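Before anything else, here's the structure in question.
As written, the chain order gives the labels A, B, C, D and E, with residue 1 at the start of each chain.
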Amino acid sequence: MNKLSILVVALLVVLLPVQSGGQAEKPAGTATVTGSVKFEGKKPRIRAIDMSGADAKCSEAHGGKRLKPDTVIINKNGTLRNAFVWVKSGLEGKSFPMPEGDAMLDQKGCTYTPHVQGMRKGQSLAIKTSDPTAHNVHGYAKVNRSFNRSQPAGAGDVSIRMRRDESSPPMKIKCDIHPWMNAYVAVVDHPYYAVTGEDGSFTLANLPAGTYIVEVWHEKYGVMEETITIGDGEAKSIEFTYAG
Amino acid sequence: MDAAEVKAHVRVYVLVFSALAVLTIVTVAISYIHLPTPSAIAVAMAVALVKAGLVAAFFMHLASERHIIHWVLILCLAFFAFVMFLPLGTNLGIEPLWPLSR
Amino acid sequence: MKDPQYGWWLPPDVSTNGWVVDQLLAIIHWFMLALFVGWGIFIIYCLLRFRAREGHSAVYEPIKAAFSKWLEVGVAVAEGVVLVALAMPAWAAIKNITAEVPENPVIIRAVAEQFKWLFHYSGKDGVFGAIGSEFISTDSPAGVDPDDEAGYDDFWVYGLHIPVDRPVITRLSSKDVIHSFKIPVMRLTQDAIPGLEIAVWYQATDTGKFQVGCAQLCGLGHYEMKADFVIHSPEGYQAWLDEEHAALGFDDE
Amino acid sequence: MSAIDLPYQIEPHPVTGVTSGKLGIWLFLASEVMLFGSLFSSYVLLRVGSGMEFWPSGVEAGLNVPIGTFNTMVLIGSSVTMVMSWASLKMNKLGAFKGYFATTIFLGALFLVVKAFEYSDKFSHGVFPWVGWPEAGDPSTFYALYFTLTGLHALHVLLGILPNLWLLVFGVAMWETDRERFTGRIEIAGLYWHFVDLVWIFLFPVLYLL
Amino acid sequence: MRNTRHWGLTMSDSHDELNFWRKYVFSTDHKTIGIQYGITALVFLFFGFSLMMMMRWQLAYPGQAIPIIGALLGDTFVNRGAMLPEFYNQLGAMHGTIMVFMGIVPLAVGAFGNFVVPLQIGAADMAFPRLNMMSYQAFVIGGVIMLLSFLAPGGAASSGWTSYAPLSDIATSGQTWWLIGMIFLIFSSLLGAINFIVTIIHLRAEGMTFFRLPFFVWSQLVTAFLLLLAFPALQAAAVFQLMDRLAGTSFFLPSGLVVGGEASAAVGGGSPLLWQHLFWFLAHPEVYVLILPGMGIVAEVIAINTRKPLWGYRSMVYSLVFLGFMSFCVWAHHMFLTGMGTTMSTFFQITTMIISIPSVIILSCLVISLWGGSIRFPVPMLFALAFLPMFGIGGLTGLPLGLAVPDVYLHDSYYVIGHFHYVVAPGTIFAMFAGIYHWYPKATGRAMNESLGKLHFWLSFIFMNGIFMPMMFEGMAGVSRRLFNPEVYNTGLGAHGLTVISSWSAWCLALSQLPFIYNFFASMRKKERAEENPWQATTLEWATPTPPPHGNFPSPPVVERGPYEYSVPGAASDFSPQAVKQGV
């Protein structure tokens, strides 16, 4: 089955550029979708994590202070951080250039940075450890193959190649030795995805003209989607609002 | 055993077969009258034991079998009793010491 | 890094029940040693006295038949008596340890998961929020119903903090696989089994900082499944509770 | 293959009064009793552990009692034909033996076919080993046990049919050369077959009726 | 009748045409099968031991690259040559499985049982020769599956040799291979057990009454009953776990399981304790399967080398039978800490104390048998004598573990490891060595070198204790077992010196086996033949030519007296063989 999927991927890689007529070099389009993810309602009660009882090396990395988890972070402007926005449909059959290098996930101070990220199908995820303590990287994949590798202090990167789309919901990556550590990685077949940051906004630039379903995902509040039609050179905006 | 003896056996086999058939119907019939669970289990197991006894005693010739076989089975049944002790070990074993609700 | 309290023999005992275990261990091991040395001397004596050599030959029945019978019976009876004599105090001890229900206990939930212990305290109100595996999530790792008001002041930490001289009941449960709650300085081990909640109690006699471990193989991070075990003075415990409550940061809402 | 003539293969041992083969098969059956004993014991443990009110009876869970009853009859019938085929050999009636023995194999196969229909009916209704018993609102291992126990029993039936088929087609040649030994083989095959029947006698009420 | 064609594997003249495959691979001769079992089991034993040596490196020098081997392993096993915890767990689980199910049981029962039992009872072969061959083949298949499981994604089984559910239910696919391998091994043991029982009941020579059976044969008979009736419980458990892993059932998974923060997909409703009950229902009798044949060998060797009868032969036999019987109702003493109530734990404490009585009687009888003898010290006797105190330590340290209160502290600590290894390693394995040195002349017609044997014995004796005695102290110091890096805990840090002693002893023990391995192979090539009855023994295996012909005895032996008639007053020599040959 795995061999089959490799074969299919290989065939796609070979065939698709031919179909799309060598457009791969320049940006695929000129349309832009921007927007923000708002949060309304009651803020959840989220307790700060005290790592000191579990692993002194973890809490030392934070000067012994407690750490708020990245699960729900509401920005000052009332927007939601760490929401993953991507084009769910409308780009089928098109191919896009692959970014160079691997997607990176760092383990530092017994947390994952970044907490949520997107990456391309066929790309590798390099998981790095900067901590003086042992971790294990446990990917709870539902579509890709699950993995569970331990990574002692000072070990080299663990590199995992993602062979399939897995973005709705993204794959959860967890350290079982430090159960509060988790991260989400969305594997997408195209480059039109974004993660909301400190201002809760996102931009999907260089889209070809067309009609798309844009989906937003948040680990606690789930998914929402919106359909949008956009022409060349146009810029449209979408607002998503989660109710707490 | 000689041929005449075997002929007598054949009659027994037919009788046992009828008994087994009747008992099967009995146990199914009883299940339709919906006894309370404990007595339903008791009745069904009793019937099953009788049937198993018939099969073992006549079809498997245990009734006229040598003692060595009986000893093997007695030993086996002793250990069977131990293995049936197992659920007891789990379910009676755990006695919460304090009420565990909040 | 090496703590001089821990060496090649029993670690310190700071529990009220630990002496029962230590005493039994001592009795049994002295008994074992006596038995071993006794038989050992007998074997060595036999090997020397009855070694094959010129002019020595074996005796078909060296122990007289009647005496032999007696010896046989005697050996069996003696072993039986000794073992029963050992079993009885042990049985009494287990009865005594488990039968008393302590008064005025501190109740703490210990939730095991791959690969850490999480300790759930009931907070200021002394009441745990509603608990269920369906409530387990990233922000409620102990499985407390986020909508239950009794659980608003609950908190959970990765270290076990208890007051000295007060009985502590720990309600053990596990989210995933079988773990085992082991505190060497309390002379205590108890399995945490998914689907069951098992309570143990213990009482500390001295303050200090020790460790809780996991004694049952639970996966690749089994060896890392440790937690701090801090025994506070009564005032120190209260101060710690207040600090944890303040850290919740919910009072300002 | 072994050229050594070991004693008590055909003639019974003077003290135990049985042949080696017969003692061997009974020891094997003793171990089978322990296997099914462990399975039944686990059944009790799981059923009691789940709380009686959450455990469906076979009827409630949608098992077809008439078909189960029919299958019970089939297996009991095959047991009778099996013992009759052995008796025929004892009476030196090879033809009758062949008839009875073939019927035994046929009934065993019929049992498996009916079982297969029951399984596929369950599958088509979305009932698989991994489903609980959703109606009760509480998970139960009823179907898991149903499929495991009946599956293991069906495997035993199959492992009875195959050697029997061999005996009927090829093994019967021995009748001409060594009647005693062949009768002994049929008796041993029969003991195994009756045991399989005996297990079903317990499985049927436990799974279908209780 | 002297046959000098080839050591041990000789057939009678009518079988000269047997080709290589028939003769060595698909043989139905119990002697060949016994030797096949022996060699395969020894290979597995050394393999299991080398797994342990890698683990000892990690324990003594945590986080440091394993010398030489570390560089050869893939990056799912090691990180820059240093062991990863998942690999450590695989090694631990496979070490236990290989040693117990693929090493000692096949060696004790498959090899010694097969080779010696028919000879000692005066039989021509096992009752079912072809079944015997099948059981060896099933054993090899099971063993190969186990070894191949290291290549499965995620590696071999890693949930301990006890494979406690739910951990084993959610483990990587190596566990599935483990279960399939186990089913083959169980099948092999069942076939073997049936064969032994029928052989011993039916094929005894004329005059060989039950109380004239050598104690070794008795131990094999009881062992066979244990295998026959206890293994099916594990078979049932293995079927359940296979269903859990492959068909998605939840026999061992309770409701509300949350793995890695995600609710488990299984419906639940099962019981994790069910696995433990079924497993220990097998595994406690299994412990006696490991030790009883060892006791049998030691009894033989002691009787022969003290030149006098065993003291209390009958009470030893009764104790043996009682021991076998009781071993079925003590299993839950492995489960004191699963939250069972005091009533249940008291019951199992009492049965545990009761079961120790017959083992103590057997050991006492063996020790008292030394009294009044004329004790020779050949290599097998040295191993047999060392067995006595070593098994004594193993048995005695079982006491605190069998009592619920000290067990609360010692459970799952290194003390447990030390305890059962003292029973099995310097206990059973020493008995196995005694057996190898003792029966080697029978199997090959050559004697093993005495000096090398003595070197092997003394080094093994010292280093065995060097490995396992520190573990007792580690357990007392509160170090848990199965820790990849015990130094994470301050108890482990405190006891680190003990770990280093253990590890170095283990590596030295490996080196101490070199004289044995050399001796084993070099002695086969010796020109000089051993005597027909080098130990002047009475039992029947020495009453037939070496190597025994096809069919074992040129003419059926008739047994006249008990197995240990040494130094009989008034007899011509100091041993009176059991049999007189018919027609001589």
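What we mean here is this: a residue touches a chain if its C-beta (ideal position, glycine included) is under 8 Å from a C-beta of that chain, and two chains touch if they have at least 3 such contacts.
From a predicted model like this one, the values you see are computed outputs, not experimental measurements.
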{"item": "Neighbouring chains common to subunit A and subunit E, by label", "value": "C"}
{"item": "Chain hops separating subunit D from subunit A, counting only touching neighbours", "value": "2"}
{"item": "Central chain (distance from its CA mean to the mean of all protein CA atoms)", "value": "E"}
{"item": "Highest C-beta pair count, chain pair", "value": "C-E"}
{"item": "Between subunit D and subunit B, distance of the C-alpha-averaged centres to the nearest whole Å", "value": "15"}
{"item": "Approximate Å spacing (C-alpha centroids) for the pair subunit A, subunit C", "value": "44"}
{"item": "Averaged-CA centre spacing for the pair subunit B and subunit A, given as whole angstrom", "value": "61"}
{"item": "Gap in Å, rounded to a whole number, between the CA centres of subunit E and subunit B", "value": "37"}
{"item": "Overlap residues in subunit E, where contacts from two or more other chains coincide", "value": "84-86, 201, 229-230, 233, 255, 260-261, 268, 271, 273-274, 277-278, 281, 338-339, 342"}
{"item": "For subunit B, residues that touch 2 or more chains besides their own", "value": "68, 75-76, 79, 83, 86, 90, 94"}
{"item": "Subunit C: positions in contact with at least two other chains", "value": "98, 113-114, 137-138, 141, 196, 198, 219-221, 224, 226"}
{"item": "In the complex with subunit E, residue positions of subunit D that touch it", "value": "1-8, 13, 16, 20, 23-24, 27-28, 30-32, 34-35, 37-39, 42, 45-46, 49-50, 54, 128-132, 138-141, 144-145, 147-148, 152"}
{"item": "Residues of subunit A touching subunit C in the complex", "value": "44-55, 66, 69, 71-72, 134, 136, 148, 150, 176-180, 182, 219-220"}
{"item": "Subunit D to subunit B touching residues, read off their complex", "value": "12, 16-18, 22-23, 26-27, 30, 33-34, 37-38, 40-42, 44-45, 48-49, 52, 57, 59, 65, 69, 72-73, 76-77, 79-80, 82-84, 87, 90-92, 190-191, 194-195, 197-198, 201-202, 204-206, 208-210"}
{"item": "Interface residues, subunit B side, partner subunit E - complex", "value": "68, 75-76, 78-79, 82-83, 85-86, 89-90, 92-95"}
{"item": "Subunit E - residues contacting subunit B, complex", "value": "201, 225, 229-230, 233, 271, 273-274, 277-278, 281, 325, 328-329, 332, 338-344"}
